[in-house]
Every structure is written in structure tokens, then in C-alpha cells.
Amino acid sequence: MKIAINTGGGDAPGLNAAIRAATLAALKRGWEVYGIKNGYGSIYTDEPFIKMDAETVHGITMQGGTILGTANRGNPFEMPHQKEDGTWTTKDVSDRLVKTFKEYDIDALIAIGGDGSMNIASKLIKKGINIVGVPKTIDNDIYGCDVTLGFDTAIDIATEAIDRITTTAESHHRLMVVEVMGRYAGWIALYAGIASSADVVLIPEIPFSYDSIEEKIKEREANGRHYTMIVVAEGAKAQDGEVVTKGKSVGQQVQLGGIADRIADELSERTGKESRTVVLGHLQRGGSPSTYDRLISLRFGAAAIRCVQEHDYNKLVVLQDNQLKRVPITSIEGKMKSVSLDSDTVQTARDIGVCLGD
Amino acid sequence: MKIAINTGGGDAPGLNAAIRAATLAALKRGWEVYGIKNGYGSIYTDEPFIKMDAETVHGITMQGGTILGTANRGNPFEMPHQKEDGTWTTKDVSDRLVKTFKEYDIDALIAIGGDGSMNIASKLIKKGINIVGVPKTIDNDIYGCDVTLGFDTAIDIATEAIDRITTTAESHHRLMVVEVMGRYAGWIALYAGIASSADVVLIPEIPFSYDSIEEKIKEREANGRHYTMIVVAEGAKAQDGEVVTKGKSVGQQVQLGGIADRIADELSERTGKESRTVVLGHLQRGGSPSTYDRLISLRFGAAAIRCVQEHDYNKLVVLQDNQLKRVPITSIEGKMKSVSLDSDTVQTARDIGVCLGD
Amino acid sequence: MKIAINTGGGDAPGLNAAIRAATLAALKRGWEVYGIKNGYGSIYTDEPFIKMDAETVHGITMQGGTILGTANRGNPFEMPHQKEDGTWTTKDVSDRLVKTFKEYDIDALIAIGGDGSMNIASKLIKKGINIVGVPKTIDNDIYGCDVTLGFDTAIDIATEAIDRITTTAESHHRLMVVEVMGRYAGWIALYAGIASSADVVLIPEIPFSYDSIEEKIKEREANGRHYTMIVVAEGAKAQDGEVVTKGKSVGQQVQLGGIADRIADELSERTGKESRTVVLGHLQRGGSPSTYDRLISLRFGAAAIRCVQEHDYNKLVVLQDNQLKRVPITSIEGKMKSVSLDSDTVQTARDIGVCLGD
Amino acid sequence: MKIAINTGGGDAPGLNAAIRAATLAALKRGWEVYGIKNGYGSIYTDEPFIKMDAETVHGITMQGGTILGTANRGNPFEMPHQKEDGTWTTKDVSDRLVKTFKEYDIDALIAIGGDGSMNIASKLIKKGINIVGVPKTIDNDIYGCDVTLGFDTAIDIATEAIDRITTTAESHHRLMVVEVMGRYAGWIALYAGIASSADVVLIPEIPFSYDSIEEKIKEREANGRHYTMIVVAEGAKAQDGEVVTKGKSVGQQVQLGGIADRIADELSERTGKESRTVVLGHLQRGGSPSTYDRLISLRFGAAAIRCVQEHDYNKLVVLQDNQLKRVPITSIEGKMKSVSLDSDTVQTARDIGVCLGD
């Protein structure tokens, strides 16, 4: 057997652990392992796939990022391509990718990634590639998977950051707004917000009311708490339909942004209190994985190889009900795992007095 | 409604978070909350139960230990008692405890603890006390509960410690044996061992063979790895029936001990390599809880109050299949949750080449 | 003897340790200790000064922020004052402050703060108040003091953050620009930049050239390093005289900002590489102090009391040449400690290949 | 120019940073750099010295241990040697080492190590080798050097450990005795003890009295503090001349040990309180260096190369009075830097109520 491993999309803590487990588990079975460097665009390079051995993956469980690299040029169906006039377009190079797999005689591909990577995987499956997916995203919003690789580290980092900022908020009697990742789902904001004893947590699943937050601040002032910690997911929206408009171009991508500043300004205006904002941004996705992320990533990586061994292809390895299971990769397409408003975690937030903005 | 909260047995990170959530959730419902200071033995003091409010639990989520204290004098059915001749015996003071509950007009007791605390709870239930249990132990071995309060922090600390010691092992070409907690179950050893890329992990569930470990060390030497990291649960046993005998009296308790030293000596003898041991001991149970432990503890604490609200007494709040559920406290009596040898985590260990001693 | 303690200006990790040491050292001598809550503006409140005892300072060494609070209304010579028409002005309330000191019979004031606080102290000295200063600023730029309270924690946090972000930069082949504090001096950027193996470090003391940075990036690309980590002090300036102009009003203060974004945009433009920015901001000043900051803060706090005991007033306690010394508070006025360009640390940066932008 | 780098004795956090800085600073000057693998005993191997380049030292600043390895077979004047009858002796192989230096045409040796390594260096100097020393020991007891590579990380780890254990002590009303490194000097115990708010700190420089500690415990009980944290350096001794006798053979070395247990037993006996012990041991020397240790190690490493460049040989690079200086390696022989009992740090300990056992 020969397998290839690809890491796609944004990096997340635990990618290297998953790569290590998949590699070691495959080598143990006497298989050959290839790594796809910097995404599928590598098919244009001299050495698209790299032979991997035990030495390649030695000591990487605790390393952040991905030793394989992860590129923007990662979608073989829409590969960026510079035209003769210098402008950019995209083209479908999936056939060439399939040909490369054949040249290397790859029996199966371990695709470690998020929604985007799984969509690409779905299309490659249709072209005859055998794929096993491993769910990765710090946002924890992949459908059908209780927990994704990278999430635990993200909430660890966010919690520690909010802890730190809280001491400043309290000392200076300020409102502090901390913006965390989560465009579509509020997992990081909710979990880190609760864990760090934040006073207000705003998530995309619950459009928020400024009146509600203002009331919370005033209630706190009345109780002698002259500061308020507000944690906001980047994708949170105000009830009046206010949308995040201050997108900012950095490099070739458009980023969301500005929600923290807007909330801080509005609340300062309403309460007369000083406010400050901190945007955690890329802090949440880099660096050494937490213990849990190392474990779940190693478990995912090893499980993917067992999946291949049983020729049970085109499945995504997931954690469901505290057990590793497999679901069809196609089954998650177009879906997303939002925070359930009647989950016990949301109830916990309300029970301990966190204002969720509604 | 009036509730009382007790924390029993060894301290664990997350106790304070559970206390805070239970207190705030109860106050939110307009209830009164009392804390039992230093265990049930407090009934002999002037102020057995202490009134708690929002101020009492402010900022304690991130604090280790328990603000209520946790005493050895915690079992009302076998309370230590000094006789007139100065020697010690125990006596059953449970009726006095029940009377104290009546005097304070307590409707329900939130008992946060492990096996021992739940056994006591079972007996108190028979005497008419309404109890809701919250599962606490860094050992993670409470039956019927996928995860217990304190476990995540314990594996975090152990993993970081093993990481640190690994660099010394590698630099000095040594065998290093790190002893972690786990008298009856190997959860900490297994999880921290895998997460820290340990080479050998020895747990109570798998009696180990020195030959197997020796072989692993020699295989590593042959591959140019002149060091080996061995993680051992304090309750691990060698296959030949070797038992932990070097118990040592500290204060009034007998402690297990010596397994790490014995393994190190034996392996040095067999391989001619230098060895060192580190016993993590109390490092694993103190200090600020991890993000996950804060969360699960807050969730347990709030869930216990919802349980009381529904008068669904004599239940233990547990996490099963990724959901908060309730099981009868009596249902866990005399049982223990061991590491399942066909779990995917054990398979992962084998797949990535960890020697489990068998 | 009766002493009062004040913490002024922005909070910094270690303030509480200094408060604790001063309080305990004073109590040990049989003195009375008062804390000034939320700055000198407290003279308008019912209880301007608060009696402190051992209990007040128990367990606070490891806590971030300041238990005394630190207010914007901190300058008694320019105290914000709302006029009848609702607009704000400032007025000199220093005589009332002096009167309050007299009412409380305060023999000496321990003033913990930075430049601003020491300027205020200088003026209060002229009005007859006995003062001993303790140097606090995360920026480490107080003249005459080798190290200030708060600096070590700031570089710890910045270093860990840059570590994390580096793994993302490497995985994604990006330029990453991390903005750290330091309006006038580059201590945090230089120290954290070197410690985290950053490739480019830009500090106010060395106006930078974009050409120089571009060259560094291209040299790295040529060596197969497809990412570059750039650490920039908020007060760094480009050689062509470019000034930080995108000041942004938050609450009542104007903040510097935008230097990281500007550098990222310019370098993306020049190199065609993707870039991202992270502004650490308030992350650097909050939270539990590092071991070193706890120590130096405790040492400063205790030394201040020995200073009072000897009636050696109007001195700032400093660390010079690895020894605690005392300098006249007036001696630091109008001065600042910049990074010396011929220090061995700057030489180290150059020796290990860090581009300093010149 | 050609230089060689050696790391000797126990590993310490920062060794790799020093190696990296020395290597990069030498390469920058166009020199060749060789690493001596696993100590001077490597002269018996096929490849005694290893060529080093920028790639060799990439990313190692944050890694614990030493990439060069550090061996017990490190003293060329007393190299372990197995006789024909199987027993071991030592012999002087220094001439062969000198010959190897000549074969490789080495101009100067950077010797990174502690007392032992500097004694060896002194002897090699007499045989004509040009040496520049870098001071390394987590114990911080090298004479003439305000701070040594590895010390800051050791006190960081010890402080965090004591913090954690304190919460358990407080919850359980126990005496906790934490043993830290320091056979001859009490730097780690004193610094970590003060930083972690320990109640009792016992160091080799101050023979301790059990009566004094007992009194402290009783004073605390009287004040409602039913726990006491005791930090003891492994080399601390009781006043009555009690000596550490329970040495224990592990591998081929005799270790000190037992002081913590002895203190715990004695104090439990005297006070009737439960006690527990934790021996930090190898936890203190491994793992990623602190920010400060990275910095000082990089500074030492680069400074050593500048020393070589000026042909200023046979010097030890040290930090004195906050400046990098150079002292003759021979000047530190037979000396040790103890804690000065009239230092401000000791005064601080007393001022904040730490019992030093006298």
C-alpha cells in the first residue's frame, strides 16, 4: 500500500500530530507514505510528493503548524493561474493531480482539513481517488463531528488571553472587548468566554442587543463591579441587522474585522465608560497544541489508517458521542455545526449569569 | 429552597468552578446556598455551614483547590474520634449530621467528590438526605462518567512535565521513568504518555513484562535513539506478580510508592544504561484548572442545580456520549472505569509504536 | 509611622507584589498602612484611604492588575473636572490631597508608577510630602533603572505570542508583522524579538528602511525560508520620515496604531507575498506576573520601606548594576532610557542575523 | 578560523540558544564551526566533531536539552575505561583530545558548562588549547557571574510547581515540603520560594532549626492559616549538624535525597499536622527555556565569538553588574557563589515574613 497525506486550509494546532500518527501507523503496516508539500499546487514542482519515514515525523507532535505546509494554492479545481497579460485567473488542474496520484501509485489519500478541504475531497472522490478525511478547524464547526482538531488549543489560548486582560479591565474600571475567531459559529467565544468568567459573550447564533449589554454593564456597576469583559466572535451581529462591513484587504484576502471596535465605541457612548479592544487573530491558531489536541489528532491520524486498511474509503473520521466513528465525506457538505441554543453549555452560561446579548 | 455544597476527598482542579456554578445557578433561582467548610466534621464547630453569595465565589473559577476546604475528617459514618486514653477510633456521627441539615433546613446537598464521597452519599440518602452528586477525581476512573472534573488538568501537567524531562533524557542518553497518579486505572499515564510521545507506558490494566520494555529500549538504541521515556501509573504491576510493597507512612496515611525506582533499577541492570526517576505526585492535583476543566466543572455545577430544581434527587451528574446525563448514585457503587484495552486510544498507542509493556 | 501606597498609570504585572511587600514590611515594623484606591481622585470619595493589613495582601503576589485600582483621574495637579455647562476641564486639587495626607497623618507615600507618576511625585515633594518611588512600566524605559516592574512579563507574553505566530507564518509561507508596545523605546520588541528568533525587529531607536527589510525577505526566500517574522514596536518609524498618523480615538484617549498594517501592506506590495498582522496590545500588560517580576516587585516594595525607615525620602528605588540603589526622583525627570545601539544585546541581534531595519 | 563547541555536565535550558548564537555569529564572520557530540569521549568515535551550519541550529533557541548531547564521559583527564577484566577505571586521554583538535585545525573551543567543565577547560588551556567559556548551571552558583544560563527557567518551573502545590496544602490543611535543586547554594529555593509566597525557605547557607519552623507553623495556625508551604534546597542542613545520609544509588551515581521526607516527618511529629513531600528533581532542568534564559544564552554565545575574534582566550564570559564582561577561567576555580545573607533578597524574604529557618 502507498498512501499520501495532505494538509489543507488554515493551519491548526494538532496537524503535525495527525501527520505523525498516520505516518507511523502506515509504516507499522509496512506501507509507504508520501507527504504532499504545500498543497496540491505542488504537482507543478519537481518533487510533488515527498517520501516520509519515522525520522520525518520524530518529535513533531508538540509542534505547531504543519511540516507539510499548507498553501492558498490548495484547490485543484480552481488553481490560481497567471495569464499572459499578467492578470490572474483559476483553472481546473484536477486531472493532472489525479495523474500524479497514479504516477506515484497512491492507493489512498489522507486529507486533513476543514470544510473547504472536504469539498475538494468530495470532487476528487468522484474522479476515483480513495480518500479518508480528518476533521480540522479551530472553529469547531464541522458538521457531524463533536470536536475538531485545533479547537481545544484555540480555547486554551483565548481563555488565557481573556484572563490576562480581565486584570487590566478591573484595575482600570474599563470595558474590554476581546474578539475571537468564529465567523459562522460561536464555539470559541462561548467556551473561552465561560471558562474565563467573561461577563458578556456574543456569538453568531444569537444576534445581540446593545440594550441588553448596556443593562448588564449597569447592573454590574450597581454591584460595585466597575468593569465588564465582553468576548465577541468575529461573526457576531447586532439584532438590528447591523452587518460587518469594515472588511479590510490584507494580501489577497478580505478579512472580517471591526466588530470589536464597533461594540467598544457604541458601549462607551452609551455608558460613558472607557473601553479597549483586543483582537486575538492569528494568536489562536499557531503554536504548540494542547494535550487534548495532541491526543485527538493522534487518534484521528491513526484511525484514518485503520480506515484505509479496511478499504473503507471516502469517509471522514469523526468523534461522535465520545467514540471515533466514520461518516461519508459527502454527508457533511453544505452543513455546519452551530452552537445549539438549548445545549447544557448555553444553559450553563445563563445559569452563571453570562449575558449572551439576547 | 436551601442547598448545601460539600467537597470531599482529595482536591482537584475545577472544584471551585463547580462550587461557583452551583452557587450562582442557585442564587439565580432565588435559593439560599450554604457551604460546608472542611467536610462533614464541621458539624462539631461553631459554624458548620457558611452562607454563600455571589461575592464568595467571585473570581474562583481559575483557582486551584477548594475554597470550602476538604478534610480527612470527611466520613460521618467513620469520623475519627479520640478516646479518653488518647488513642484514636472512629464513630458514626451521621445522625448528628442529618440533624444539622434539618437545623439549617437544607432541601438538598450538592456532593462534589469521588468514589468515597459517593459511597457516603449513598448512605446519607438512606437517611433521608436529598443529594445530587458531581463526579470529581483526577484519576478519571468513576464508573459511568466519560470524564471527571480534574482529569484534564492532571494530564496537562503530566504531559508538560514529561515533555521537559524528555529533553534531558535525550541529551544525556538516559532512561527516564516518570511516575504519575493512577492506583487502579491508567488514564493519566496513557493519555499523558501518548500526548508527550513517551516510548513506554505502563498502566494497571496491562501487567507489564520487563522483557518487553528491554526489547523496546534495544530497538530504540539500534535506531540511534539512545534514550527512552517510560511513563508509569503508580498502580502498574509487573507480570510476574510483583506487587508494590514499599508503602511509606506519611502523616496518617500509607502511600504507594517505589514503582518508578524499581523499574529504573531493573532496566539499568538489564541494559547498562543510566536511569533517573521523577515522581510527579501532588503536582498533578493542584493549581489552576485547564480550560476544559473549568468548563466541565461549571457545566457539572450548573447541571446539579437543574437536577435539584426538578427534584430529581440521588443522581450523579455525568458526561456520557458527549452529553450531560444523570445516573443513580447507587449505580456506580463498587465499580470502576478502567481503560478499555480495545479502545481506539489503546489502538492509537500501539499504532504509533508506544510499548504498553505487554 | 503611617504610610500610604498609590499605584499610578497603566497597570503592570507585579504591582500587587510590590504592594504586598511594602505592606508586610511596614506592618512588620509596627507601622500603619493605607492604600489609596483608584488614584488621587479618591480624595473626593467618602473613604479616600483604606486601612490595609496582612489579610488584604494575602495571595496577591501572583495576581495581575492592582488591588488598589489605577485611575485616569490620577493627576492631582490636573484633575478632570466637569464644568456647570457639562464640558470638562482640569483643576489643581493638590492642596486638598496634601490636606488629606495630613488628616490621615501620613508620614510617607510609596508611589508606584512610571514617568507620569514620578513627575507628579516631584511636585508633591515640593509641597512637603515625603515620597519613595517604585519604578513601574512594562516599557522598561525609566531612566536610571536597569529593569522596571512589569517588563519581564511583557517580554514573556510577547515571546510566547511570536512563537505561536511563527508556526503559522512558516506553514503558510507568509510575512507576519507582530506589533508590540514601546512608543519611545524598543525594549519589548528587541528582547522578545531576539528570544523568539524573529527575523526582523524594528524599534524607535533605529529608523527603518523598507529596502533593508525587503532585502532580508529575499535573502530568506533564496535560502528556502519562505516566511519572515517581523516584530515592530508601536513607536517605530520608517527612515523617510514616515510618521504614525492613524491615531484612533477610543474612549477619551488617542492611541497610536497602524504601524503593523502599514508595514505589512508595503512589504506585500514589494514582495508579492501574503502578509498578516497581529497587534498584541493589552495582552502584554495584564495577568499573572512572571517569576522575575514577582521577585523584583517584592524586592522594590520591601526596599521602599527600608528607605522610609531611614527617612531617606524623595528617592526612587532602582536596580542598577544588579544592586538595589536609590536615586533622587527629580533626577529622572524629562529623561528616558533608550536601547543603546552599542549594547551587547544589539550586537547579539546583529550577530545572529536579525535585521534591525538599518 | 575554525571553532569547536562543547556542552558539558548536566543539561540546562538555554544550551541550544548558546550553541545557536555562537554558531551563527561565527558563520557570519566566515568561520567554520564544529560541534563536539556527546562530550570529549567522542574522540573515540568515527566522527568526533560535526560540521555545523545555519540549518543545524535552525529553530533550536526554544528547545530544551542540547543538540550536541552531553555525556558522563566528558572529562578527558579521567575518561572511564574498561579494563580487560571487565572492571572500570579512568585514564587521561587529554593528549589524544589535543591531537584531535590539531587534526581538525581548531583555533578555539567554546566550552559551555559549569564548574566541572571550567576545571577541565583550565587543564586544557595548559595544554595549549584556546578556550572561551560560557557559564551554565541551573544552580546559579558559578563564582563571578551574576546569573548563569539555565537558572531563570529553573526558578520559573519551581515557582509554578510551588504555586500548584500551595492550593492543595491550603485545601487539605497540610504541611507541604517541596525539595528543589541546590546542593551547595540556595538560589533556586530562595528565589522560587519568595516568588511563590512560600512560608518557609531552607537553604544551605543558613543551617535551620526545627524549633524555628515549628514556631512559624504555630504562628500561622494562630492566624487561621492551617497550612504551611516549606521549600527546601536539597543541600539544606539542620542546625544540630544533621547531615543528609540517605544517599540512594540510581544507575551509577549516588544522589542526595531524603531531606524533604525527613523534614516532613519531623514537623508532622512536632505539630500533629499531616504532611506531604514533592521532589521536583529533573523537572527543573529540562524543557523549553524561559524568555530570559533564551536571551542570556544567546548573548553569552555571541559574546564568546567576539571574545575569540579578539583572540582574548581563556576567559569566561560573564554577566557582572548588568554588563557582559570577561574573567579568566582560572579565576573561578575552587570558588562558589553562595547566597549573601545581607543581600536585599534575603532582607526582602525577612521583610515579607518568610521563615528562613534561623
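Labels for the chains are A, B, C and D, by order of writing; each one numbers its residues from 1.
Basically, a contact is a pair of C-beta atoms (placed from the backbone, for glycine too) under 8 Å apart; a residue touches a chain by one contact, two chains touch by 3 or more.
For each chain, UniProt lists the protein as follows: A, B, C, D = ATP-dependent 6-phosphofructokinase.
Fair warning: this is a prediction, and the values are worked out from it, not measured in the lab.
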item: Count of contact steps on the shortest path from subunit B to subunit C; value: 2
item: Chain at maximum distance from subunit C, centres defined as averaged CA atoms; value: B
item: Approximate Å spacing (C-alpha centroids) for the pair subunit A, subunit D; value: 41
item: Centre-to-centre distance between subunit D and subunit B (centres being mean Cα positions), rounded to whole Å; value: 34
item: Interchain centroid distance [CA atoms averaged], subunit C/subunit D, Å; value: 32
item: Set of subunit A residues in contact with two or more other chains; value: 163
item: Chain-to-chain touches, reported pairwise for every pair that qualifies; value: A-B, A-C, B-D, C-D
item: Contact footprint of subunit B on subunit D as seen in their complex; value: 10-11, 15, 38, 63-66, 69-72, 157, 160-161, 163-168, 170-174, 176, 250-253, 261, 264-265, 268, 273-279, 281-283, 285-288
item: Residues of subunit C that touch subunit D when the two form their complex; value: 20-21, 24-25, 28, 54, 59, 61-62, 146, 152, 155-156, 159-160, 163, 191-192, 194-197, 223, 290-292, 294-295, 298-299, 302-303, 305-306, 319-324, 344-345, 347-348, 351-353
